[in-house]
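The first chain written gets the first letter, and so on, giving A, B, C, D and E; residue counts start at 1 in each chain.
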Amino acid sequence: MHGLLNYILWLPILGSLLILLIPKEKVNAIRWFTVAVTTVTFILCCILYVNFDQAVPGIQPFTAVSMPWIKSFNIYYKLGIDGISLPMVWINGLLFLICSFSSFDIKKMHKGYFSLLLMLQGSIFGVFMSLDFFLFYVFWEVMLLPMFFLIGIWGGDNREYAAIKFFLYTFFGSVLMLLAIIALYFAAEGRLGAETFDMVKLMGGHFADLKLSLFGMDLPFDKVFFAMLFVGFAIKVPIFPFHTWLPHAHVQAPTAVSVILAGVLLKMGTYGFLRISYPIFPQAGHYFGDFIAWLGLVNIIYGALCAMAQTDVKKLIAYSSVSHMGFVMLGIAAMTTEGMNGAVLQMFNHGLSTAMMFLLIGILYERSHHRWIVTPEGKKGFGGLYAQMPKYSIIFIIGLFASLGLPGLSGFISEALVFIGVFKPYPTIALLGLIGLVLGAAYLLWMFKRMFFGEIIDSCKEYADVNKREMFYMAPLCFLVIFLGIYPLPILDVMKTSVGKLVIDLAKFAP
Amino acid sequence: MNINYLANLSLYIPEIMVIFTLVGLLFIEATYSEEEKGRKLFFGVMTVGLVLALLALVKNLGVPPASIFTNAVIIDPFSTIVKILMVAGTLFTIYLGQQSRDIYSNMKAEFALMAIGVLVGGMLLASANNMLTTYIGVETLSILSYVMATLKKNDDRSSEAGIKYVLYGGVASGMMVFGISHIFGVFGSIQFVEIYPLIKDLSSLQMAILIPSFIFFFVGLGYKIACVPFHMWAPDVYEGSPLPVTTFFAIVPKMAGMAILLRVTMIFFGPENTVMHVSWVGVLQVVAALTMIVGNVSAIAQKSVKRMLAYSSIGQAGFMLLGVVVIDDIGVSAVLFYMITYLFMTLVAFFITSFVADKYGNDHFERFSGLGFRYPLMGVVMAVVMFSLTGVPPFAGFIAKFNIFYAAINQKLYTLVLIGGLTSVISFYFYVKVIRFMFFTPAESEEKIGGFGYINQGLITALAVPVLFLGIFWSGLITKIVHSKLFFVQ
Amino acid sequence: MDYTIANIAPIVLLPFLAFVIGSFTAKKFPKFTGIMVCVAIFGSFLLSARIFADFVFNQYSADYYIHKTFTWFDLGPTFKLNLGIYIDQMSAMLLLMVSGVGFLIHLFATYYMGEDKRYARYMIYMSLFTAGMLGVALSDNLLSFFMFWEVMGFCSYSLIGFYYEREAPGDASMKAFMTTRIGDVFFLFGLLIVWNVTTQVNGQGSFTFVDLYNVIANGGFDGQMLLGIPLATFAGLCFFMGTIGKSAQFPLQIWLPDAMQGPTPTSALIHAATMVAAGVYLSLRVYPVLEAGHLLVFVSYIGAITAFGAATMALVQTDIKAVLAYSTISQLGFMVLGVGVGNYNAAFMHLITHAVFKACLFLSSGSVIHSLHDHHTGGHVQEMPRMGGLRKKMPYTAFVMVICSLAISGVPFFSGFVSKDRILGEALIMGLKNPVYSLPMVLGFVAALLTAFYMFRMIFLTFYGAPRDQELFDHCHTEKFSFNRNLPLLILSLFTLGLWYSGSLTGQGLVKFPGVENKEWFQTLIEKPDAHHLAKFKNYKSQAWGKVDVKPAIDFSKSHYDPTHGLSAEEAHHAHTLHLYGAVGSIFIAFLGIFLAYLMYIRKSLNPGWWATTFSGWYQTLKNKYYFDHFYIDVLIKKVLFKFQDFIAWVDMGIWDRIFIDGWANVNNFFSYWARKFDDVVVDTIGVDGTGAGVRFFNLVLRTLQSGKIQFYFVVIFLVMASYLLTLRVA
Amino acid sequence: MMGLASYLIISTILFICGVIAILARKNIIAILLGLELILNASALNFVAYTRFLNNSIDGHIFSLFIIVIAAAEAAVALAIVLRFYQIRETVHIDDATQLQG
Amino acid sequence: MFDLTLFFISAVLTVIGAIMVITTKDLMHACIYLLASFLGMAGLYLTLGADFVAAIQLLVYVGGVVILMVFAVMLTGGPHAQKQNKFGMIKTALMGNIRTYTIGGLTAVVVLLMMVKLYISIFKNYTAGELPNYLPTVERIGKSLITDHVLAFEISSVLLLGALIGAAIIARPRKNRIN
């Protein structure tokens, strides 16, 4: 089992290079090669899951990979996963498998597309597996490159703007992160005896009482760098007011990329909070707790309000992601067992449900070539799809209700856990957060009503129902959404020990 | 007075090699002025000479540092590495000059001659160890550069570039020498070695003379590396010059200037000289911050890729200055690493721009439309370089910036690093513009670009390989560089 | 027989599995799917019947509850979530009712929906719904209660919107879901409070009723405040908001009339018998919280207002289902009133009796509607003004409907009388004892009067008199007895007899079952979890699933019927007297209502047209449904009652519905217009692009400085240097 | 009378004159004249310092190099000016503003 | 006494020359004034005992630079340059006008202030001591040039060579055959 993470990490990247050897004309070979690579990767992820030992709170020993990379800087190629990263790794494997099927619809430059897709997968794996800060940063940034091109080349009409905005935003945040990483490295010498980029060693609130002189002010070290990391991660989450890249990126990106963006990429931000910000700066985490909780609340309500305004389905779902990620932030900010577990579970569940929604919209877009609920001319963009595409509608309902948090579907448990966790420290926020649930139901159902009910409008009469391939890749998601709604243990069990440890560690530093 | 000339000369083989190449080329040029055969011979000799110089330099890497010609120059691994970079840069630039249509075919030999001449100055500057060699280095670098800027003789822009360069260069070097004269007045010596012990205990009056004098001195160096506020010639001259010349300007004079600035800073303004250190570092910090900001911000709305790259090279110089400000060994190695990556990135960027500009007659961003689809390899390579210049991992440019930031944060220069980081975000605006046109915009025409033959593509790709390679496997190189500390004979 | 997974889980799982299997077979084998669903629910019914028997007659009748749990998930020492079953007499009753009535409705649906092209899909939705409702009945804790509750909400949504080809069901379904959702999120917040309080008291959070009762008994809520409101009040309000949403109480009642867009069996099952009643069931379950939060007065007001308001609205409906819908709201109001006045038992009893007769009424109306085809449009006819005299065409239905109407009107010997009378009696007592309650009391009685009136108005308009649309009448086939059309109706109507519930014809007093000494029935079967009772939970012992049921450690011996209600003899006498007055009054009221209806629609001595012309000003605008309620309530209530009813009408239709619910679009557009503006302009343009613009501006400045004039460059050099050197201070 | 101060003042006057020439003249050649003045000021400084502060010959050497290099620079500069004149037919410095921004 | 006289004459010549260079309206005159100034410089070098430097100053500047200047002036059409730019706008006079002199003058004042500050320090620092006798410097310079500064000497030859070639390249008339 040793080195399993190596295989998972490098297989897609290797695949992305190998694809370049396939002649450009052999489109099917390229597609199926991608499918093969993602399938093998997914199987490896499953093996990882099977071998996971729930009792171990920290990094799973069997996954640990560590070798020196840059000796003079103490940079290590260090991988490992724990209960927080495993669900993310797994869903990454799953969503890319699904996306490689969904991407059969891509119309141009197949080779580049699939190559970049695999590279994206590899780099995201890297983010979730890295235990070395430098390595983490490298993967965090590398992920931008394929994403940038995937949006920029295969995206919609306004793709350049979206791609650049996406890149700039993230890059801005990550520059601040880099600063924090290096500063931590040097601070570690005083506190830990040696300079290090090792996340695990840095954890534990060693940097609380350091001072830092910036712009001529004497500032607390940990709070400043917590804030810097916060911006870096908040942009990825995205947290209001750093969220405006998201609607653009989502709307312009091709379906599969939207799926990845919403399903996995956004989680990198919250993962960063759980893996880096909070464990390393627990005191600052407590200090900023109220602030982040309120921001989470703003995210929820604000995202929902914005979603309601949209006439573009994809934009609507994009804003719903903003809203849903707010729940994750809320859960994290609560710093209670329930809240944290809920947050991690919500990361996973939102990955499933929002991926479903984006795939469904992609399927629809294949047929309609537009995404307007109400077209800019004020006409109905869709109408009566329920009658026209019954199977599609059923899947849509599942996705829809999963994302509005219907009990029995996956979203509910995580949201409930988050609220349970949040209530204790922030009852007011919990109460106000409920508005988000109402609004969430409102915009989703309103969208559903406008698109699916009523008579079939003329332009919708041609649309075929979902075909076998689409059914094939939607089915696992439907199954998971329902299954995890009833029986969330497969995910909760693997994460709970790690999350519990995190919560206990954090609690030690409560003021 | 007993100078062991031979021992000195043995360390000075690379320079001598380059000078001989220069002289030899002059003869060849004079003999076979317009013949095809002569051209082949010319470039053959040139290549051989420079490669030999490179080999000699590589051999010099292992040699223990030594000060030769009565402390006129110093040969240490630092200067040797910079020289290697400069020679390599010259070699590739001359190749580019041969390929490029921006240098008239009857001027290609002259371009090579001038470039090698500038290279001699640069090499002298890189290992200069007294004020005189510094001054002569700067002047050699400058005067021949003026010629290079004007090399496109029938072009009004080129001659205007020459005018601007010569005036600006003259004023800057005049001020530099004015500063040097007062430094000489205070110390009574132009030898770094002799100044060094004196600088440690100065009276405050001397200090009051020296600080302005060194500022004057700094003008000369600052104009060579084009740092703000002495950068204003650079965009104009870079734009007006023929493209290979711009390439050359972005590499050799800049590196040489950076090397001497680093050396002067390290020798005179170490932390042990409190007052001098504080004022000098204060100046450098402001200059570095301004250079990063102005370079990167000005580059945004440019139409011409060449001019954008000119501003970008100013911005990059700002980052290197950030490494200079640190004034310690980590900073030196960071700057060295930066120079190495900068060489490759600049070469690739200018090579591709040059071939595109040759095809279309100008180098506006629009000319890059659809390049990524027509020449995927070139597109990818250019994109890699642009990302690398921005500082995105896993490319070498990121590692270079990382090293600089690393060194700066080690000295707690948080504000500067913050500025550096943010300006590198800003720099993405204009670097990505190239990528945007290459990949997101349909091609303007499907005509072949003549410059992208297999050999050139291969060469460009080969030049880009280190950009990628050093981004991941930089362990070995950085270890080597860390050991090649700036040497100073006391 | 012990309670194990094998014999409890299937109650929920059978319908659920029918749903799962059905969702695969629906397309290919619709008939089979329908039958399978019915069989599954019948299976649930059998299992429920066994529980019912156990808890009412057999070994568990003396025990208070069965509570078994398993761990759903466990997140470490501080967080463990248990799910399980909690069965006491109340849930046993509810199970039996839900599965029984549900089965009959499913049976009827095979008739009603038999020809629909989406028949099978309809059946599986119904099946899922039944599973949800049975789950609610079995839940031992508020969380699973909430989950099943939401599943029901989803089914309700899907079934209201079943005819998705039309716009109206879409609107209605969304309105229903959204309105209930508002209540639901408060319910969810109530859950959070409970979890928090149980954590504080027990060190381990819990949602179970038992723990909740326990905490209240231990005074866990005492002295706690949240947002300046006592915690118990807050929690109670939250839970009661759940009730308001789900049971369509004022002010969230608006969705239920619209919900009639669904097929009629849906209306019968979901929007009459079970789901809406689940709201009341919730109130009953959390009754101790309501009590601890001093919310009962509030509850009674809500109930009374709803009962009265809905009844008034029902008076003028012309759609047969709309009458029943408003009637349902009104009856739910009665139940809530029952809770509010503290008559726990009667409220639940009314829940059961109402479920039976209202289900029957809906099914009957379905039978009527299904028989009436408009041969012009091909659609079914629901408008009463086009009916009349139908009893000749469909005698069974007419018979059944009259029976049920008698029941709902509160005519003696029928179930409605038994339950409603007890609620009204209690309201009377409370009203006389405490002036605060006088308003609910009066409203309750008036509502009862109106109930009788509008029900019989409906009966008379539908079945009596001359056919008003002869063509329609002629096209109506004469009803032939069929097992899936008439049998469910007959069975249900059989259970509208008061005898089943009261155990005696009068509905009062002690009951003796043959062979069992002093076995009492409804009135003592279910005990109010008041302070005295809650004490029993203090020694609660949890039970794990297994072969053997661990009986609760304490003696839950059944309290005998206490004719004095624990009061002194004098007070008891007083109470009895009042009850008697109440009973007499309600009987009188029932007959008065029927009589008025008779006068108006059979004898026509009171001309409804007179009323219409007298109030013609608003009657004309009533054609538009939006202004109908508004106008009606406005005038009638203004004349008869108080000014604030004005407010109800205004809030109900003017604000709540038009803006808040139907006007989601408007509000959305308003809010989100500004939200979007804010997002685009402030955050994006100024915040983000603005930064970019700032950079670009700076760029412009710098490029202007880069003027190309070399002498300017020199000036820059000199000035920069000079400015540095002139400010320099050395030593 | 013939102290260091007098020489430095002369050199300063030369320098200032050079600066004024550089900034005020619009003729490129006139600007070059100013440049020569600045260089000469420095050379004078070197020799003066050699005389009054230390007897190091390096000052003289430096002056020599300044003179030599100034000559070389002037040669190149004049060549460039000629080239500019041939193309633009002007020696007005404000005509050399095509490259800007 | 001689050196004092020489100093005065030279100083006056230098300063007047320099001032005339910047004030005269005629470029040709400016060149001549520059020549005068350089001559004065040579005299100043002599008073400083720098005989060799003075000689070189005369040789290089007077003999070379100024001739080049004159050449340039003649080649570029002397004082009669065009008065308008390509847009037809009246250009600033070639030799400057009030505006340019104001700018130049103000900047020069600022620079002067800076230099004054510098010189105050220098004068405070400087203590007049025994001046060494005039000694011929040629020998020392020669020795120094082939020992200490041999490298600078040699490299400057490269510089001059390069400047020579460069000037030739640039100034070489345009060929008809391009590319």
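Heads up, the rule we're going with is that contacts are C-beta pairs under 8 Å (C-beta built on N, C-alpha and C of every residue); 3 or more make two chains touch, one makes a residue touch a chain.
Only a predicted model underlies this, so the values are computations on that prediction, with no experimental measurement involved.
**Q** Among the remaining chains, which ones contact both chain B and chain E?
**A** In this structure, the chains that contact chain E and also chain B are C, D.
**Q** Which chain's mean C-alpha position is the greatest distance from chain C's?
**A** Farthest chain from chain C, going by C-alpha centroids: E.
**Q** Where is the C-beta contact count highest, in terms of which two chains?
**A** D-E
**Q** So which chain ends up in the middle if you average the CA atoms?
**A** Given all protein C-alpha atoms shown, the central chain works out to be A.
**Q** Please tell me the distance, in whole Å, between the geometric centres of chain A and chain B computed from their C-alpha atoms.
**A** So the centroids are 43 Å from each other.
**Q** Centre to centre, by mean C-alpha position, how many angstrom separate chain A and chain C?
**A** 38
**Q** Need the CA-centroid distance for the pair chain B / chain C, whole Å please.
**A** So the centre of chain B lies 79 Å away from the centre of chain C.
**Q** Can you check how far apart chain B and chain D are, centre to centre, with Cα atoms defining each centre and the answer in Å?
**A** About 26 Å separates the centre of chain B from that of chain D.
**Q** Name the residues of chain D that each touch 2 or more other chains.
**A** Answer for chain D, listing residues that touch two or more other chains: 15, 18-19, 22-23, 31-32, 43, 53, 58, 61, 65, 69, 72-73, 76, 79-81, 83, 93-94, 96, 98-101.
**Q** Two or more other chains touching the same residue: where does that happen in chain E?
**A** 100, 103, 107, 111, 114, 117-118, 122, 148-149, 152, 156, 159, 163, 166-167, 170, 174
**Q** Give the residues of chain C touching no fewer than two other chains, as numbers and ranges.
**A** If we look for residues of chain C contacting two or more partner chains, we find 703, 706, 708, 710-711, 714-715, 718, 721, 725.
**Q** Which two-chain combinations touch?
**A** The complete list of chain pairs in contact reads A-B, A-C, B-C, B-D, B-E, C-D, C-E, D-E.
**Q** Given the complex with chain A, which residues does chain B contribute to the contact?
**A** 373, 376, 387, 390, 392-394, 398, 402, 405-406, 409-410, 412, 414-415, 417-418, 421-422, 424-425, 428-429, 432, 435-436, 439-440, 474-475, 478-479, 482
**Q** For chain C, which residues count as touching chain D in their complex?
**A** On the chain C side, the touching residues are 703, 706-711, 714-715, 718.
**Q** Residues of chain A touching chain C in their complex?
**A** Residues 165, 169, 240-241, 243-245, 302, 305-310, 337-338, 341, 384, 386-387, 397, 401, 406-408, 412, 416, 419-420, 423-424, 427-428, 430-431, 434-435, 437-438, 441-443, 445-446, 448-449, 452-455, 488-489, 492-493, 496-497, 499-500 of chain A touch chain C in their complex.
**Q** What does chain D use to touch chain B in their complex?
**A** Touching chain B: residues 15, 18, 22, 28, 31-32, 35, 38-39, 41-43, 45-46, 49, 53-54, 56, 58-59, 61-62, 65-66, 69, 72-73, 76-77, 79-81, 83-84, 87-88, 93, 96, 98-101 of chain D.
**Q** Please give the residue numbers of chain C that touch chain E in the complex, ascending.
**A** Per the touch definition, chain C meets chain E at residues 711, 714-715, 718-719, 721-722, 725-726.
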